[in-house]
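Both complexes below contain subunit A, partnered by subunit B and then by subunit C.
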Partner chain A sequence: MNSKKLNFKIVFTIFLALFLVALTVNTGMAEEGAEETVAVEASGDAGEVAEAEEEVASVPYEEAEYRNFFGIDGRLIVWIISQLHLLFAAFVLAVPLFVVIIEAIGAKSNQIKFDNLARELTKLLSTAFATTAALGGLLAFALYGLYPGFMRYMTDVFHPYMFVYALCFFGEVFFLYAYYYSWDLLRTGTGKWVHVFLGVMLNVFGTTLMMLANSWATFMMAPAGIDMKTGAILDRGAAFHNFLWMPVNIHRIIANVAFGGFVVGAYAAVKFMGSKTEEDKAHYDWMGYIGNFIGLAAFIPLPFAGYYLGREIYSASPVMGNIMMGGAFSWTFIIQAILIGMMFVGGNYYLWNGMARIKGAERYTPYIKYINIVIFFCFAVWLTPHNLPLSGEERALIGEQYHPFSKFFGVMAAKNAVVNLLILSTFFSFLLYRRANKGQTMPFKSHGNGAKITMVFTVGITIAYLAWYAMGLKGQDLSEVVKPYMSPLLTCITIQIIALICALFLTLANKGKLAQTLLFVVAASISVVYFWYYGFVLMEKANMVLRFLSVTQVSIVISTLIVNTVIDVFLFKNAKEVGGIQWGKIPNRAQYALLLLCVAIVTLMGLMGFIRSGLRMNWHIYGYMQDKSAGAFTPSIAYMGWVVSLIVFLFLALVAVVFWLGSLYGRKEKHV
Partner chain B sequence: MKSFLKSVVFTLCILGFFVFVCLYVTGLSGGGGGGGGATGISPEAGEKIYWGDGQCHTCHSIGTSGSATRGPNQEGLAARAEERAKEAGLSSGLEYLVESIVNPSAFVVEGYDNIMPKVYDAPIMLDREQIQAVLTYLQTLGGESNIEAVAKFAEKIPEASGEAVAPWLPPIDVDIKEGELVFFDESRGVTCSKCHVLNGKGSKVGPDLTGIGAVQTPEYLIESVLKPSEIIVKGFETMYLMTTEGMAYNGLLVSQDEDEIVLMVDEDGVMEEYVFYPDEIAQMQKQEVSIMPGNFRDMLTTKEFYGVIMFLLSQK
Partner chain C sequence: MAKKKMANKKNSYSMIMVVVSVLIVFVIIKVIAPYAFMILLGKDHTMPTPSTLMLWYMILAILACLVYVSTSDLKWANFLSFILPAGDDKFKALFQKMIIIAIPLLVGWFVYSGTVPGTASPVELRIQHPTLPQEFEKMENPFLHADEATKRKCIEEGKHLYQQNCRPCHGSKADGNGPFANAFRLRPINFTDPGTIATVVEAFAFWRIKEGGPGLPGVSTPWDSAMPAWKDVLTDTQIWKIIMGEYATAEVQARQREEMEH
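Up next, the complex of A and B:
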């Protein structure tokens, strides 16, 4: 045991040493410092003379623009602290969103296990909250201390909102503790719903807090309401409600929920592996399933929100958009693709393993290998770079700069197609999981008028959205040369609307499975197969239509997901069960899938944080205030990799400590 | 505890994989990217800016290089610019190119959106010299570069709209006259003018430095003196030659034809020409090390060093 401990300590020390070495000598830093070193070395004696002169002369007070943190690059410090704060804040903001829903489900269905789960998650929340607040304070000190010039201006612009932020913080603290400590007091009857209301208010304050802080970050990317030459504040409201504010809000809320779900899943996985009793195993297995379900449910629409944000970045600044997808940051999206691919593979792997605890699931297991093939194919296409680097000899052999075959997988048309296929496949996987222990379905008519109304309403809403988008496409002011290329998009939307109507009638006629199949086939044929091909046509002939193609693609897939989910709910409502779910009877390897999902999403958030901030290049406030500090350069991807993995490690270590502290209270209770 | 440690090891493995991917991608993409190091007005510098800081490549491909389709492909641009200049009543293709950069809305090619930003404005903010460099590069796409012709349009190109950049000054007070003396001082073992011509004075072993201050930055000059092998001007690469008798020579290639090869070889500080015939050459290849001595740091005092740099910068 002692030697094991020693080995562990040695590995840990080497790991930390590697980080420190990498941070200090890595290319990104070293290269940037090289010129300075040359100049300093060459002017060695001159520097000494100047220093001596400085001592004699009286020095007037000058306001500092930048400072370092005890010799460490100020940017590195702010980078680490802000990302850690953001990760904790994401957890603290996301968990209440689904805790309240879980509690409400428990209250409605009278199932105590939901209530217990909600309470256990809230306990984690309350311990994580203090760390989030402490990191937030540290971040504020770091920013004001290390970037005083920049923060002076940000304070000028946003100071009224900073007070609102403080107020919301108090609101969040009040409702968090009220929610947590009134659990027993408001346990039954109307009191339970008052308790749920407290949770809702906690979410209102938490989300407002996040949106306030988002406006500062997005103002730095897409400044508004100021004079771009002088910096004079013209419209504070416009600075707050800037162009990227809402796209980032939407993206962050969804990403936070996915993040919170996967962190909870990992917590449950660690607890599951350490459980001694069958009861504990069953509980943490179920918790892991819920965490994964929440994470995946939020993760599926996330690429769409990401696409929307990316599109708005292009609209806000074509130059920034180009830096993102075609310039210095394009390679980071290959890494993003790897992480997202890992998550889709991990999520599906967990679902398939989970089917082992469900009797009757063996009917569907033969399909899994095909889904697996599709997912790995999508993964491979997604991470294929367009400009696959070739050596001189390879280039000479091929006769052109790009590989004649792989180059078609590297462009956006291919990537958009496979991301839609990936989402459809994962959704299909989830449907298989849902119906694993279900047998004979009940006729749709047996669910009454409520089911009919819900179906008609859902189909109506999705059709209304598609029609509204098609009208928008029709009204686009495009040149006569480009306009004909819009027609196939309108035709495809029309086909999808017809398919939705057919699916509605099929479902009402008790043929729900056929309706689901029809929607899957139509969505895959249009959004994956046809639009993959048509994307290439547009790239060659009418590039500006590409942006409409992607949205059409996404809209068709989303409408399929929504309608198929509702059909599935009614299809298997009260359906005969083939066998029960044996919670706790899941292999340990599935728990590693949950861990993978957690580490991957934390890393992904670190990477995306780097991209979002880095897109400003050498600007604090894009186009207005330049970053003139020594750290204004864009670090290399290798350097980013080391820093982000350090952040992820620190975050997970802190989370482990915080959760352990939280669990001490529970242990004490048990002993009493 | 055991399961927790397993989880930690598993987490570290994932993070290790992430770092490995980042390191691998950095190797593939060639580091931090960008257009750092592009200095002066030349097609080479222009090419770097085009694919780097200027971000031109994010909208324009050139032949099969690049994948952007937002703007027209620039293959054969110089020839096309001549035709368009005639249609627009401009004096030359170069004027068309200048006009297209200075005022991107002036000539929007049919089938493309009017989306090109003014590259001298925020956030790209190329300075006048960088834009001139890009112009000389664009001239090579279907034509030949003409730096003098580009220089004539300098006044038409606006300066970057950001804050005025303070002129570069050495960290200590230096005398340009002293720098000039050092440059031409024949009494030293190694003198700049022994290899470089400046205003007609000196030897033509290395690149001619006449007017160097107009086209190169202080950073470039400092690096070229302290680390001569970092950037070797085209045509001044060192050749390694081994004769069939086993004698090795390092020198500059003066001329090469079917009958003979002439190398300029440094013989104890004196540059001498050596002639080799094809049948006596066993091996010959380009070297990545400049023939210029790399120990000026030891041979010059700080004051002399910055004096020479300031003297070169004054040559406009």
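Up next, the complex of A and C:
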């Protein structure tokens, strides 16, 4: 057994060594360093050295624009450090968001297990926090050390905000440690809510911190408030609140929560598989479920936030948009599609395996095969590229540039349709999981007026939003040729509004399941089937309307998800339990799915980080300051793959070490 | 007792179902789809599925089956039980033999087809849109804000210029079927396809016409473009008119810029 382990270690070490050597060879590391060595060797003579020294003494001081890191290109170093910092920061920012919610649920429902979970997660947080801060410091040093010229300008523009950043950092540190160390002190009564407040403040400071740093990154992509020729600072506020700032903020907050949830899920999976007692297994199984729940819940709206960001990038610069979706970065989006598809499959797979531990779930397991087919079909469409790699022979056989598969599956009309179907299917899986344990339901009336008010309020809000958007569509200033193409969108929104009203009445009349089915059918028919077809019509006839179609599509799906969730909550409130959930009785396969989800989202963030930053191509500040360093090339996909893999590996290794360190303390003092 | 129970238990054929499902997907993609596209799109030849897609779709099909059979312990056990001794079940014994023979044959076929020397041209990764140089980004059609009569005149002139200069390759209907089209390994772009010029801003089309294949950027080379650079033959105004005429002939619209709003 031991020799087997040793073999593994040897193989792994060799793999790692090969990996690093390959990376070094790829980047042509140390080339500049080598030149310097040759130069020094050439001037070996003592007299010459003295002369050279004199010459050096007479050369006036020049400010360096770029430096390298001991012979390694500065861009590579900054890429790796910033991505690692971002990954840790994402975890540190996301976990408090849901920890506070979990704690509040525990305090409200008086269930100690929620409180314990929140505390365990905070423990992970406090250990990861120091690493995040250290990496942040390292990133700042790397940036100032390797890109002094560029950072001089960034400091000129943003220095007031840098002080605010430091202040927020102090705030975050204070509230994090106050939150963590006051857990026992503020355990009961009002104290508990004071404790929750500390957690909220931790989030306020953490999120502000992230938003401050986001503005610097987005300023580099869509500069504002400066003279684009001279660089003179005209409006510091505009530079801070630049065009891409808010889209990135929204996208990052949601993505961070998904990321945090999946990392917690993977932590629980490792702990589950290492658990010796039934009690521990049950605990970590539950923790894994919560992690996956949070991850998926945030992952579902993420494509919408991503679409919004992408669209705004197009608005900021059509060139950047084209580079992203149809140009040099288009193939990275195929990799993204594979990773996202894997995550939807992994998330569903975990839920399906989890149903095995719920008595009563067998009523719903026959649906799994249909959901599975739908999900894989969507996956296939989702990853079909518009530009297929074709051999000359294939091209000749097809007789035109696009094969019908790439023509009909490879464009945004199809992608938008299937991603909405993926989201609806995953949501359906969730609903099945939720009701697996539930038997006879209670009549809606029994939930009191509060339930009625909540239902009416939810439906009212979603209808108000849809009506507001429809009014906006009507008021669009479009040419007479294009205008008629807007009316199907308005009709679809009207149908959805009618469906929502019907769903409300059906729910109030105790037909909640029928209401949910109605909404699902209407949303799938409009947003998936009809809009898939109509997307092609628009592409051909009224390209301008496409952007409104996508938002209409998303709005209809989101309104369905929101209303169906609320219906489901009341539908199964106080329902009879069929058999209960046997926590801990889940196969290890499901735990591997959690690990897969974690690796996939870490890779996804690494990849998307590369895309967001790489879109600037050879610009530090897009359109104003060019990157004139030797490393300012757009990496090939292979090179990007190596570096992102290295980042993923480093992050997972660091996280494992940090969590292990955190667990050393817990072993001595286990909280009950 | 337990043995008796085991013996009485009906054999599971889920592994066979998986094999059959994968084969069905294979037949659909390989055989049915090319004919279906031929009929649906009114072509005079089949549209064979490209090998890259075949590979991707088959990987997904196998993955989908494996995901399904492992969604519960029972399903997984049933799936694996097929490799247990068949006992009296003659069908199972037959299927087992078929699978045992099929696996090495399949592996052999893959190895053979992957290593046998052939003359196939290499598969290339293609990129839809080359990166537009920044000097072209903010360019605007000078006739964008002209009155309707001027626009109509420009479109007519543009159509005429298009037929004179572009028709030989891109075709009189802008469908990529010009008289020279068959001479190219990569056929000229079909502008009526909504996935082509309809997805780019007019400035992009302007750059591609003006600089042509020689003006394509160094990033993502090698490019597969036989498009000549028209800057020495046509004036900028003529190019803008051609763009207007070309979109009108193809009956598609260029991507419109969005307003930057806060």
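To be clear about the criterion, the second predicted complex is superposed on the first by the 629 of 672 C-alpha atoms of A that agree within 3 Å, B and C clash if a C-alpha of one lies under 4 Å from a C-alpha of the other, contacts with A are read in each partner's own complex, and residues count from 1 in each chain.
By definition in this document, a contact is a pair of C-beta atoms (placed from the backbone, for glycine too) under 8 Å apart; a residue touches a chain by one contact, two chains touch by 3 or more.
Bear in mind the structure is a predicted one, so any value in this text is a computation, not a measurement.
Once subunit A is used to superpose the two complexes, subunit B occupies space that clashes with subunit C.
In the superposition on chain A, A:Gly274 contacts subunit B only, with no contact to subunit C.
In the superposed model, A:Gly448 lies in contact with neither subunit B nor subunit C. In the overlay built on the shared chain, the residue A:Ser645 is in contact with subunit B alone; subunit C does not reach it.
Contact with subunit C, but none with subunit B, is seen for A:Phe243 once the two complexes are overlaid on the shared chain. When the two complexes are overlaid on their common chain A, residue A:Ala316 makes contact with subunit C while staying clear of subunit B. Applying the stated contact rule after C-alpha superposition, one finds that A:Met228 touches subunit B and leaves subunit C untouched. In the superposition on chain A, A:Phe376 makes contact with subunit C only, while subunit B stays out of contact range. Judged by the touch definition given at the top, the superposed model places A:Tyr624 against subunit B, while subunit C stays out of reach.
Of the two partner chains placed around the shared chain by superposition, subunit C is the only one that A:Trp352 touches, whereas subunit B remains out of contact.
Within subunit A, the residues touched by subunit B in the first complex and by subunit C in the second are 317-319, 322-323, 326-328, 331, 386-387, 389, 400-402, 410-411, 482, 539-540, 543-544, 617, 623, 634. For subunit C in complex with subunit A, the touching residues are 33, 37, 40-41, 43, 45, 47-53, 56-57, 60-61, 63-64, 67-68, 70-74, 76, 120-132, 134, 137, 176, 185-187, 189-190, 192-195, 198-201, 203-204, 219-220, 251-260, 262. Here subunit B touches subunit A in the complex through residues 1, 3-7, 10-12, 14-16, 18-19, 21-23, 25-26, 28-29, 31-34, 55, 57-59, 64-70, 110-111, 113, 115, 117, 122-124, 162-163, 170-172, 219, 222-223, 226-227, 297, 302-303, 305-306, going by the rule given at the top.
Taken in their complex, subunit A has these residues touching subunit C: 241, 243, 311, 314-319, 322-323, 325-328, 330-331, 345, 349, 352-353, 355-356, 365, 368-369, 372-373, 375-376, 379-380, 383-384, 386-395, 397-407, 410-411, 482, 536, 539-544, 547, 587, 589, 617, 623, 634.
Of all residues in subunit A, only 8, 15, 27-28, 31, 35, 38-39, 41-47, 49-50, 228, 269-270, 273-274, 317-320, 322-323, 326-328, 331, 334-335, 338-339, 385-387, 389, 400-402, 410-411, 479, 481-482, 539-540, 543-544, 592, 595-596, 599-600, 603, 617, 619, 622-624, 626, 633-638, 640-642, 644-645, 648-649, 652, 656 touch subunit B in the complex they form.
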